[in-house]
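In what comes next, subunit A is part of two complexes: it sits with subunit B in the first one and with subunit C in the second one.
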Partner chain A sequence: MTSQARSAFMAGFLLPATVLYALFVVMPVVQAFAFSLYRWRGISANRTFVGLENFRQLFADPIVWLAIRHNLLLFVGTSVVILAMAIALAHAIGHETGTARFLRAVYLFPQVISLVVVAILWMFILNPSFGILNATLKAAGLERWAIAWLGERSTALASIGVAHVWHALGFYIMLFAAALRTIPPDVMEAATLDGAMGLTRLRYVTLPMLWAVLRIALVYMAIGTMNIFSLVFLMTQGGPDRATEVMLTYLYEQAFKHSEFGYATALAVVNFVLVMALSGAILALFRHNPQEGRA
Partner chain B sequence: MKRTKYALLGIAVALTVVVVVSCGKQSPTATKELEVACFKGGYGIDFFEQAAREYEKAHPGVKIKVWGNPRVWEQLRPRFIAGNPPDLTYPGWGMDHWALVYEGQVIPLDEYLDSPPYGKTEGRWRDTFEPSLLELCQYQGKTYMLPYFFSMLGWWYNKDMFEKNGWKPPRTWSELLALCEKIKAKGIAPITYQGIYPAYAVSGFLIPWVISAGGIEAFDNAQNLVPGAWKSPAFLKAAQMMDELRRRGYFQEGANGMDHTGAQMEFLSGRAAMIPCGTWLHSEMRNVMPKDFRMGFFLPPVLDEGKGDPTAVGIGIEPWMVPTKGKNRELAIDFYKYMTSLEKAKQFVEQKGTLMSIRGSDQANFPEHLKEPVEVFRRAKTVWSVEYRQWYPRLGKEVEDATAALLAGNITPEQFVERLERAAEATRQDKNIPKHTDTRGQAR
Partner chain C sequence: MSTLYRWLINICLALFALSVVVPLLWVLMTSFKTGAEIFTAPWGLPHTLQWQNFVRAWQEAGIARYFMNSLIVTLAALAILLPVGAMAAYIFARYPFRGANWLFGAFLGGMMFPLFLTIVPLFLLLARLGLLDTLHGLTLVYVAYSLPFTVFVLTGFFQTLPQEMLEAALIDGCGHARAFWKVMLPLAKPGIIVVGVFNAIGLWNEYPLALVIMSSDERRTLPLGIANLLMVEQYQSDWGALFAGLVIVMLPVLLVYWLFRDRIHETMVAGALKG
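Up next is the complex of A and B:
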């Protein structure tokens, strides 16, 4: 085969996927950028070009900043907890015993449940009247702690964070469990012989070996929390008094409740840029494995 | 190269032939097809399907396709944008109705409303509707929507609990406070509410008490965005009343964290004695309602020396409309005329257990839980409807957020009314928001 024929052959295989990708992924994104420059009610073909007006309005909108803050809080809060728990649990169930296999299935279980069911489940758990959480607190004599978790400004966002962790944790346990298995046993053995045990071994041996996975996990978590929608929408509607408003619930409100599709698309564009920036920042920040130089 | 050209031409010709032939096949006789898209809520769409079959039988050559689902508005949006909407639609509460009107997507119906009702040669179709409901469908003097059934807003109480303890539904504020104290002493929550959806508290507490304190004008002025209306003494008074109930502990603890079904379950299970809700409560909860549960309906208790009409009642409609780009306008209207004939209206009342916008339909056999609401409506000298929420969604959202904050004790009544007025001012100043100036809350 000449090199030209080979290129043509390869192009033939790449073309269908590229066309589909361009049509269904790239096009809508480009279109979204275009729509964000219009005032459009999203109910007729009628729209008015307003330039960057939507963006100007958006940056002056205090609720946008509030929503971004909530997204970031969720990211920071849940990723710390998920990382700590996922690495610890992955470690604990890393060996090949029946119990470990069973637990792996159990931890993955929330991941396969639909988010709608997760939301309803947690609404039951957190229900102020018959929820299991408040019942437990009352039984333990902590009546003062039995509050309307989703109805209080101070606890609503954290409650959603807990539900999110519960749902997402299994995936990261699997991720880290798989990564742990790629660490050659002789490395661990050598570390042990050198006297590195427990937290020391975790810090100087295990974590550095997991670095690449850790980086990707953080990017996943950033995407997951910046794009969080169903849990918030179902559990609190962004309330009480916007205490759990996130970018996508605000976007939904603007588009479907207020018929401000142009503004909503501008929000989508900003969220897209934010997710890209945050992912890029994480990749850059965690590029250098701090232990690599010492090895 | 030439050969390719001919091949393409051949394909084009073949396709054209196929298209022409298949088109020809579709219309052998002059069948008229009507597409009706409906919101499938608590009352289903079977009634409309049944009506379509009956109409087809009476009008040979007409074919009516009725379809719907619980999120039909999501499918309708792209159809409207593409200029290919159904002929007649009931898009449901999730659709921004007024946006359809502003964009010219639905037709003004006055010409048809002035024509005779279904199967008649004289009289006006308009006169068969309850006028106060038809007025909710107007913008700049034209009628763009048509009411079908309607809901009433009020409070429900647990009848057995009340009878067993010798309690009576309170009519006034002082009666309410006295009763709540007694209920609380029994270890029962006097009032619960759907905290996650503050719209219930707005139409169940705030607006009725605004009207009681300041008369219907106080609410009309607010809806019409008269400067200062949202922080008038009437609004402050209503906010103080809500705050007082909260401070006295008469609201169920944790209600601010409950969604509608959660709070309604609290009421049905007897842990709370009263709940504000519309007349849809029964149909919404019938699957989980204890078999022998009996509930009664009454208007929110009014201030002892209130200015407002104590018979004033809140109502809500879910309108139907005729899209501008529908293909069979006349047929759509005639079918809707059939659906709103007195006979069909009475059937709807009896089958679905709700109130209808057609005059005289209240002579039907109402189910037990609707008897009190019907009485309340017959006695009502004033009706009101939360319209600003549909007219100005952003204002509506802010009123609801502020209400949630007030009920949680996060803000004072003074701060509450300041917030409402600020939101109203923002709407007033926004030139891109079309303004409604039709006064509502009229005497019947």
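Up next is the complex of A and C:
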């Protein structure tokens, strides 16, 4: 086969994927940065270049700050809970036994069902009139704890956090369990012989050996909570009274309810920059393993 | 290890498993109840199984149509995605060329950008192309956004196939393209199946893109349709049908997942740890 024919074959094989990807993914990414510099209302070509005006307006918008705050609260709150539970359960699930594999499959159920189902399921659990949470509280005699969880400003965000943890936890258990299996058993044995058990072993042996995965997991959690949308959009629409408004629900409102395309794209760019900055900060902060060299 | 400690650990593992399974069983149980039972006895078993809930969901609430739309979009997207993705992955894995790393990096970069960064430009692009609110528009978008993961996994898979097979085929007078379709692609079947199942589950469940792209009721996909039923006032009185709808969305996914659970798990871990 001539080299010309070979090149034609390669180009032909690469072309369909490249064209689709360039048209629907790469071009919109590039455009996103450009559109954020325009005032653009509605689908019409009616747009004006306004430079950084959208960003100026955005940083003066109290709802944007509120949304960023909620995203960060969700990140901090859920990642602490997820890390603690995932590491403990991954540790407990132990080696590849039949039971472990069965449990792992069950733990991943929330990950494979649609977020729409997760959202509706939790709305039903938390429903004040027939939800199982309040029914259980009433049965236990805790009547005054039975409130409209998603309707109260004080509990709505935390309720969404609980649904998010339920959805995401299985993935992190699995991730840490896989990482734990890469620790050579003789290291664990040596630690046990040295008398390191339980929490001591977790702190001085297991955690340091999990460090690389811990870093990745934190970055994943940051990306997941900074880009949270479906759960919030379905469970509360950002309410009550914006108590659960996050970056992406506000973006959706600006773009698809008010047709403020320029402003919404500026929000998307800010959100992207925030995610990158947060991920970068996590990677830098967790670069050094505090136990390294001490063991 | 002490027995007490072992017991404590087992209880924790069982508790989390229950927290996953009990809500799902509750949905299943509630889908067989009458509207009155749902309110009066949230924990009680259904008095008689209300199969009519499923009939009403399927026929009156429009689930049948949403189900078909989801099926069409998912299958059409896979029918384009798998060959197109495999072809590109094969070149990246086996035919080094100048700029290959750069192009491969561009494909992987797609996994880094959050969906909502592109949602407004994408929406406007589809509007200009006349693809907004069409099943083929949604299909093409699904293919494009599934390409990074698909190309990433399949490239890794093609790299593991023995080079001798290709050489033998070429010596036997096979062209490069023919060698791909007749020899390499069949060898890559296990990889294609995993990526196919993975994408099928993801696309069947997809919500935000469908929310933005589809607007008319008759073209809604299943997650979109279910979410809409919840928000439309008239159906809030028919909780039984709504719960039945939830079962209809979940069941196919859970069945497919259960069949391929170990392979899916491996792919997830590998993707997360390498990616």
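Note that in this section the second predicted complex is superposed on the first by the 266 of 295 C-alpha atoms of A that agree within 3 Å, B and C clash if a C-alpha of one lies under 4 Å from a C-alpha of the other, contacts with A are read in each partner's own complex, and residues count from 1 in each chain.
Here is the rule we use: contacts are C-beta pairs under 8 Å (C-beta built on N, C-alpha and C of every residue); 3 or more make two chains touch, one makes a residue touch a chain.
None of the values given here were measured: they were computed from a predicted structure.
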item	value
Fit-or-clash call for subunit B and subunit C when the two complexes are aligned on subunit A	clash
First (subunit B), second (subunit C), both or neither touched by A:79	neither
A:116 touches, of subunit B and subunit C: first, second, both or neither?	second
Which of subunit B and subunit C A:264 touches, first, second, both or neither	second
Contacts of A:43 with subunit B and subunit C, given as first, second, both or neither	both
Partner chain in contact with A:256 - subunit B first, subunit C second, else both or neither	both
First, second, both or neither for A:129, with subunit B first and subunit C second	both
Partner chain in contact with A:32 - subunit B first, subunit C second, else both or neither	second
First, second, both or neither for A:107, with subunit B first and subunit C second	second
First, second, both or neither for A:21, with subunit B first and subunit C second	second
Partner touching more residues of subunit A, whether subunit B or subunit C	C
Stretch of subunit B penetrating subunit C in the combined three-chain arrangement, among 5-13, 59-67, 77-85 or 167-175	77-85
Overlapping contact positions on subunit A, where the subunit C interface meets the subunit B interface	43, 123, 129, 256
Complex interface listing, subunit B residues touching subunit A	74, 77, 80-83, 94, 96, 99-100, 102-105, 195-198, 252-259, 262, 266, 271, 393-394, 397, 401-402, 404-405, 408, 410, 432
Subunit A-touching residues of subunit C, taken from the complex the two chains share	5, 9-10, 12-13, 16-17, 19-21, 23-24, 26-27, 30, 38-39, 42-43, 84-85, 87-88, 90-91, 95, 97, 103, 106-107, 110, 113-125, 127, 140-141, 143-145, 147-148, 151, 170, 175-177, 180, 201, 204-208, 211-212, 223-224, 226-227, 230, 239, 242-243, 246, 249-250, 253-254, 257-258, 261-262, 264-265, 268-269, 272-273
Residue numbers on subunit A that touch subunit C, as the complex places them	1, 6, 9-10, 12-14, 16-18, 20-21, 23-29, 31-32, 35, 43, 85, 88-89, 92-93, 101, 103-110, 112-117, 119-121, 123-125, 129-132, 135-136, 139, 166, 169-171, 174-175, 178-179, 198, 213, 216, 220, 223, 226-227, 229-230, 233-234, 248, 251-252, 255-256, 261, 264-265, 268-269, 271-272, 275
List of subunit A residues in touch with subunit B within their complex	39, 41-46, 123, 126-129, 134, 147-153, 156, 236-237, 239-242, 253, 256-259
